[in-house]
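The structures considered in this document are given below.
Look at the two complexes coming up: subunit A is in both, with subunit B in one and subunit C in the other.
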Partner chain A sequence: MKILLVDDSKTMRNIQKSVLSQLGYSEIEEACDGQDALSKVKAFGPDLLLVDWNMPNMDGLSFVKAYRQDDKVTPIIMVTTEAEKSRVIEAIKAGVNNYVVKPFTPDLLSQRIQETLEKCAAA
Partner chain B sequence: MRTDELEKLVRISVCADGLSATLAVQAGVDLTDVSADTVAALLEGRGIRVPSKLDESVEALKQQIAKHPDEEAEIVIARGVAPVHGKDGAFELDPSLSEEEGAKQRAECEDDADHYDRSAFVIVEEGQRVGRLLPHTEAEDGLDVRGKTIKAIPGRPCKIKFDETLRVSADGDIDALEYGRLEITVDRIRVQPVLVVSESVDFSTGNVDFPKDVLVQKGVRDCFTVQAGGSLEIVELVEAATVRAEGSILLRRGMAGRGKGEISTGADLETKYLDAVEVSVQNDLRIQRELTNCKTYVGRCIQSPTCSVVGGQLDVRFGGEVRNLGGEAEGETLVRIGIDPKLDEQAKELEELVPRVINHVSQATLELDQLRKMATKLTATQAESMTSLQFEIMTGQTRLASIAAGLQRMLEAYEQLSRCTLLVEKSIMPGVTIVIGGKAAVVREMVRGPVEIVLSESGTLMLRQPGGDSSMPLSAKAKLVPAKGVADIAELGRILENPIFKDVKAAA
Partner chain C sequence: MDPTLIAPFVKSVQNVFATMLQLPVEVEEPKIKEGKSTTYDVSAIIGMSGDCVGSVVLSFEEESALRIVALFTGTEAAVDSPDFADAVGELVNMISGGAKAMFEGRKASISTPSVVLGSSHVVSSQKDLPTIVLPCVTDCGRFAIEIAIQDQVESADAESQSTATTA
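Showing the complex of A and B:
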């Protein structure tokens, strides 16, 4: 399974990568903002995306909207500090499948990833 | 001039091999009116075949007489055809191997050459070209001046035999089929998988380094090195040399290392005695007589019921059997049982690692607590810091869980090693220091054997009668001292008592 991590923080990407590798996923690509991610999705063809909200150049929400124009199926998990209900709803409307609020524990992230993948597989 | 007149004036002789005839004329004889036909008739009369260019020869003779009328003249008047003998088939060593030999010889002449490293043996690898088989050649008969055939000797095929360790191709190329020493004798060439050194290893042989079994039929001199990829047997004395084998070593006499000798084996070592040698044995050590002043490590057992261990240090992983420990002179003899250097090294690494990991986890936990207390509503940076700290704590705890499991296995291994025993058949002399399972004692009073040195379950060094229940504390005959240079098992156990390991276990 191919997973794209979109976050401007290298530390956050490393944490996510570590959790994913513990879950057995090793085919991982990284992008440092929405624009970078858009330039990579076509060639990489991810099966899951973990996207931060607040990033320079292009934020996570704008990326999700742009990405969903072409791909309405591939699951996206928003990993962000934006915890307000209105923001969560805004993200879900844009096409996000699940939501993880920072700070998170590795266990929680792991749980959300599995939960999202299971739901998408069942759909 | 007629032929009969000429015959009186000249002398014709045929050389012993019949390949030439000479015509000699005494000084003052005039041959100006002698024709080639007259000479031809004279030669025919002697049974000599008349050469085609007789005219030229006669003319040359006349010129010689004219030039030096006062001297005897002589000319080769007829020639035979020499036979061409055939050449015998032969083995020609490959130039690369010849160059190797040449280089060795040149090195011998140079002042800075390492004479110890100069090897007298040609070692070949599997598939390497070792030489060429030169075919024998045909013979061609000759003719003497009388027209008689001179028989030529025909060439004979090469008589050298090549065994199954070599392949001879149709065009005569010879390749080695095995790795080993190329042995060339008058009638046989082969690759020997066992290197047999019929003399001592000294300047005549240089150091020996062979990938398979080695047999030295004499001894090994000071400062030389013998290395074998297989087993190694040395028939006579080994001096202060270096002897290594990946397989077993058998020294039929022994080794007098004078504090400089080294011996190491990847399997067993068997010998009569070892003196002042650094010894490393991967498996079992069997010595008939003495192990004196050696620094010895035995990876399995010392199986030497007739051997006295006097002076030096003996480390044995799984114990074993000896005749005597220590000597009359009360010199220091250190005997350590249940010693595993690899385990000790791992223990040392863990002892250094654990405090670092614990400190890291504690620090991260403290910072996380502080962040939690400080912030009512987290900023993005704080949220990411908290995520990062939580991740560090989790990673540290995972690491500690794995350390705890490793420590537990290590303690079990040490526990097993501390149950090893050493049986001493005859005596343990004063001055001997015995170490087992982190406990040490210096013997003050002679202990008579047979007796087993053991560590009791309660951690007391004991002397036990073999096969019986009777035992006494070693402290009755020895003074207990702190064990130095061995892993502190109690300290390792205390590491696991740190409360953080309980949290880790609970989390796991």
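Showing the complex of A and C:
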């Protein structure tokens, strides 16, 4: 299972990496914004993406819209401080499969990752 | 400044610290900032736009910041390192993001955070906009949230009422 973490904060990427390691995932690539992520997706070929919203150069929503032009299947979880209902709806319309609001506990992130993967595997 | 914009920051800082650091935060009585310098020497700054415009500064004593960052990241970082700036920036990002989601009937956006270090530095805010300081106490030391936000919706309402009265 290859996972791409897209977040401009190294601290948040490290926290997410630690949760993923506990779940047994070790093949992880990191990107610091949407542009960086777009430049890495082809070569890396992720099976799951965790994407922040507010980032410099290209934000998470613009990245998801661009990524979904070519790949409509690979699950994406938005992990963001944007907690308003209107934002969640906007993200889902853009092609996000699940949503985690920061701050989060490791248990919540694990649960969202597992339920997203199960739902996408069953589809 | 609309006092209903302050309570969300109290709830949000307590939520962020409890969830990410398992660290309780006691928020003391808010006060209006006197003088121009930030409360302490380490500032994580984020801009707000949309219906609420201004800035939020998370101002730490250096010692408090070092302890809080170590607890947050699980590693010790020097105060002038990129990792330290990244961690305090992420804290102000989560606190402001959580607070704005609780603004009733207001839609606001936040910028990416910046971090400034040094004694007696000044973060300029909009002219005539008071800055509210929320003093915060934790077992890792003290910090403060400095909020200078203008409610654009309330300002527009006040302006239209004033125009109607003078017409």
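Here, the second predicted complex is superposed on the first by the 123 of 123 C-alpha atoms of A that agree within 3 Å, B and C clash if a C-alpha of one lies under 4 Å from a C-alpha of the other, contacts with A are read in each partner's own complex, and residues count from 1 in each chain.
Criterion: a residue touches a chain if its C-beta (ideal position, glycine included) is under 8 Å from a C-beta of that chain, and two chains touch if they have at least 3 such contacts.
The structure presented is a predicted model; accordingly, all values stated were derived computationally and were not measured.
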Room on subunit A for both subunit B and subunit C (clash or fit): clash
Contacts of A:Pro106 with subunit B and subunit C, given as first, second, both or neither: first
Subunit A residues touched by each partner, larger count belonging to subunit B or subunit C: C
Touching partner for A:Ser9 - first (subunit B), second (subunit C), both, neither: both
First, second, both or neither for A:Gly45, with subunit B first and subunit C second: neither
Touched partner set for A:Pro56, first subunit B, second subunit C, both or neither: second
Touching partner for A:Glu84 - first (subunit B), second (subunit C), both, neither: second
Colliding region between subunit B and subunit C, picked from 41-49, 77-85 or 95-103 after the shared-chain fit: 95-103
Subunit A positions touched by subunit B in one structure and by subunit C in the second: 9, 11-12, 15, 18, 54, 81, 102-105
Residue ranges of subunit A touching subunit B (in the complex, touch as defined): 9, 11-12, 15, 18, 54, 81, 101-107
Subunit A partner contacts - residues on subunit C that touch it in the complex: 15-16, 19-20, 72-74, 82-83, 86-87, 89-90, 93-94, 96-98, 100-101, 107, 110-112
Subunit B residues within the subunit A interface of the complex: 378-380, 382-388, 390-391, 394-395
Subunit C partner contacts - residues on subunit A that touch it in the complex: 8-12, 14-15, 18, 54-56, 80-84, 86, 102-105
